[in-house]
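You will see two complexes here that share subunit A, one where it goes with subunit B and one where it goes with subunit C.
Let's look at the complex of A and B:
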């Protein structure tokens, strides 16, 4: 076994509330809307999955399988050495269906399909079944760190030298039931908001979202490599006496980088006044860097950092930030180092560092 | 019998989410499993629930399943027979 230091992002696949399924286009046409929830623009699933298999799949499984297929095709990898996913709430639609039937039918006459599909690892399992892939298969369910945990495990698998390609993804779906419950908890804006005015209209709550993004990570670069995945850190600030700038400084030190070397910070700011402070601290810590945001495009959900990493990877490859994502312009400065920062409800914080390959 | 066969076809299409199949596509005498509609063991469980939920019929002996669920017609005959007994 040989220790590996550099990990490359060689393929992307993203089903989101934006037109993101075609990697030849990068947010050149943006879905701007007046709402407090965003739903995915779903592709024609028959382009990816045969109808006899499709009939049993719930929406999140379809989104997950389609985005994984786009990613594999983009990377040219036919069979990954591992499939690792992260999901905050899993296949919610089928969970709701199964539990509703359970209550309505007094725990009798339960159909198997929605039960089978309601488990959190169904997406990675379906991808493996369709590929006939018997390799390492794991799903992480760690609230706002679910995708980051999948990414971290992918890095460990690749660095230990036993695997050379990992298909990694993060996905969550929004249902009417979950939107209603989380609305009661004050997670979302009470009234519809212009998604492009999310950051300027200070108020409690964000906009709800959903999506599924996959990445083909590899120990070797290819002609289509998007970026090099340098480091990842998850942390809980409530357990830490350290300030955010000091955690950032320690994180960057591990890669021998100074805050001034960050060309662009891609941040998970979500327009919720109760979540804004850490993002302000972060953007103040990287004064020279440009700032980009993604949650007005994807909405907030537990694995939205997967959309963020997709956006950061595309920015690295294209060398520029799409107009729709700019918060603070980085001018003509070349983009060689991108820091991704996200937090979920100020509980689950994460840094991801990518560099030009 | 024809009315029940048509009703069953509609119910099977809905229960099994057979998106591409219409009532006219289903031959009532064709096998449901393997050939014909190509259903599998998960579909068999769905059909058992369908019989119990929509017709109040509980299949006591699993061995009978093969005969009852051979085709839409055999299902319809079993339902008719069961309803006569009741």
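Let's look at the complex of A and C:
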């Protein structure tokens, strides 16, 4: 078995608060709103799922299945060797439904449907079920590292030489209940904000979001390859003696590149003044690179880095940053190396490195 | 280079006991932990048989030496107790140079407090301190904090195979050179949420469960946590920790049959066991014992039994489900039963499949009815299957045998 060095992103599928389900368009028409929560623009699910199955499915499952279908079709892969997902909170709508009924009915007259769909692995299991895919199937559920863990596992699977394609995705849904609770925790702006002024109007809190993005990762390139997935790192900054720039240079060093070689940094800044500092440190340490952001388009959620990687992959293919995502222009500099940096509540930090294939 | 993965520490809390030794004593004395509900406030209190950890949350806090500065869900408390035991067992504090990761499985997460205070979270303006402990990662983060771990950590949720999948991912991370050592397993507390969920599915037995029995009638849910310390062969040379056994094989497959039911022919179970066996380099006739998933449901035991017969054609090794001892510990079952299998391997014991008396007409083999001692054991397999058809199998081998 030979070790695999390059991993290619050969397909994308994204259901998000933007018009992202058609890969022939890349944010050429942007949804700009005045809000503190963003909801997905959902596709016509009947295009992807038969009506009798659709009727019983929870919302996150529908979003997950549709985005995985778009991704598989985009890549031309019919049966992946593995399905690996990450979700911070899983199927919240079904969980809340079962919990609320349990409380209201005082444990009487419960039906199992929403309980069955409440487990976090339901999305990856349903994708496998509809494909009749008996291969490796995993779900990671660690806050801002959920999608990153799925991606890391995918890379390990592909590098071991036994797996040649992995369908990897990150998804979370926003419900009224979860919005209410996280509002109490101070996660969101108290008043609606113009999403395009999220980064300039500094105050506490971000805007809530949701989405499901899938990637077909492969050991071989195809005509439609978007980018090469080079490396990924999750890290914790609790009591860390290392500064962010030194963690970054250690990470880039593993791929033999210098911070100056980063053409574009795609960052998870979210307009929350209390968690802006790490992004500032990062953007200061890649002075010559362009900067792009995505959370004014997707909102903040535990697996929003999946939207970030979708955007970075599209940028690599198109060779330019869509106007709506530009934070700092990189001029005419060709985009060959993109660093993705995200953190969730300053607890779960991650770097993802992609390069021109 | 593929490294060998050694198990060097164990930590285990269940209805049978608060540490590995107490659990072993219960197993040896055929003491089942299944009984009536004591702690959890539910209408099902007098209806169901479960396996609860005896200690209350306050007692668990005291037992784990925790201060009142943080709030802990029961899930987290159980996890801390078991992870602490595993960590101290392998004396990891004396080796600062090695990269230690934590991989933990859970599914209900902090639901035990969430179901008590959900209305409060939504409507009460005075903040409830459990408001941010619902998600699955909360227990993992707190277990890591408690052990002073600052490196890699993640949480896996594949329902009842979560802990087995944590052990597999930990091994792969080490083989890929990402970690030198890992604490892997799972934790799950009983909640009203999943007691009622399983009850609505009509797969809970009011009597003690009878896996692989023709009269089996469902599951007894259980709670607890179990963690293994695993290290690479190279790391073990540095730590000098006593090797308990080696993790030689694992397999993961998806049934892709139904969200909660197993296929009648056990496709997922067969594939998971087959992959594990192929990886281990063992053959069907060198496996000494299978700790079956054996939930006691009509569906699982038939499906798993058929898969075992298909893989171990003509010569099925000793098989037992130890769920009549522990109850079904759901997300912690994979690591709990891995430890029970390892304790059998260490002590040369085949654990009995308690409550078995009537053979299933569909199967040729019978589970081990009684405890068998002084068995020369080398290789044990442990199965864990979950909702979504997420099926996993682990193989452990006695150390120093080629």
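One rule holds in what follows: the second predicted complex is superposed on the first by the 356 of 357 C-alpha atoms of A that agree within 3 Å, B and C clash if a C-alpha of one lies under 4 Å from a C-alpha of the other, contacts with A are read in each partner's own complex, and residues count from 1 in each chain.
The definition used in the following text is that contacts are C-beta pairs under 8 Å (C-beta built on N, C-alpha and C of every residue); 3 or more make two chains touch, one makes a residue touch a chain.
Keep in mind the model is a prediction, meaning the values are calculated, not measured.
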Query = Of the two partner chains, subunit B (first) and subunit C (second), which one does A:51 touch, if any: first, second, both, or neither?
reply = first
Request  = Check whether A:278 is in contact with subunit B, with subunit C, with both or with neither, and answer first, second, both or neither.
outcome  = neither
Request  = Considering only the touch criterion stated at the top, classify A:80 as touching first (subunit B), second (subunit C), both, or neither.
outcome  = neither
Larger contact residue set on subunit A - subunit B or subunit C = C
Ask   = Which of the two partners, first being subunit B and second being subunit C, lies in contact with A:118: first, second, both, or neither?
value = second
Inquiry  = Output check: A:184 vs subunit B and subunit C. Expected answer is one of first, second, both, neither. What do you get?
reply    = second
Note = Intersected contact list for subunit A, partners subunit B and subunit C 110-112, 116
Query = Can you list the subunit A residues touching subunit B in their complex?
reply = 51-52, 54-56, 105, 109-113, 116
Query = Taking the complex as given, what residues does subunit B use to touch subunit A?
reply = 15-20, 38, 42, 45-46, 49, 52-53
Query = In the complex formed with subunit C, which residues of subunit A make contact?
reply = 83, 88-90, 98-100, 102-103, 106-108, 110-112, 115-122, 124-126, 128-129, 131-143, 145-146, 149, 152-153, 156-157, 159-160, 177, 180-181, 184-185, 234, 236, 238-240, 347
Query = Given the complex with subunit A, which residues does subunit C contribute to the contact?
reply = 42-44, 106-107, 109, 111, 114-115, 118-119, 121-122, 127, 131-132, 135-137, 140-141, 145, 150-159, 165, 169, 172-173, 175-176, 178, 192-194, 196-197, 199-201, 252-260, 267-268, 271, 386-390
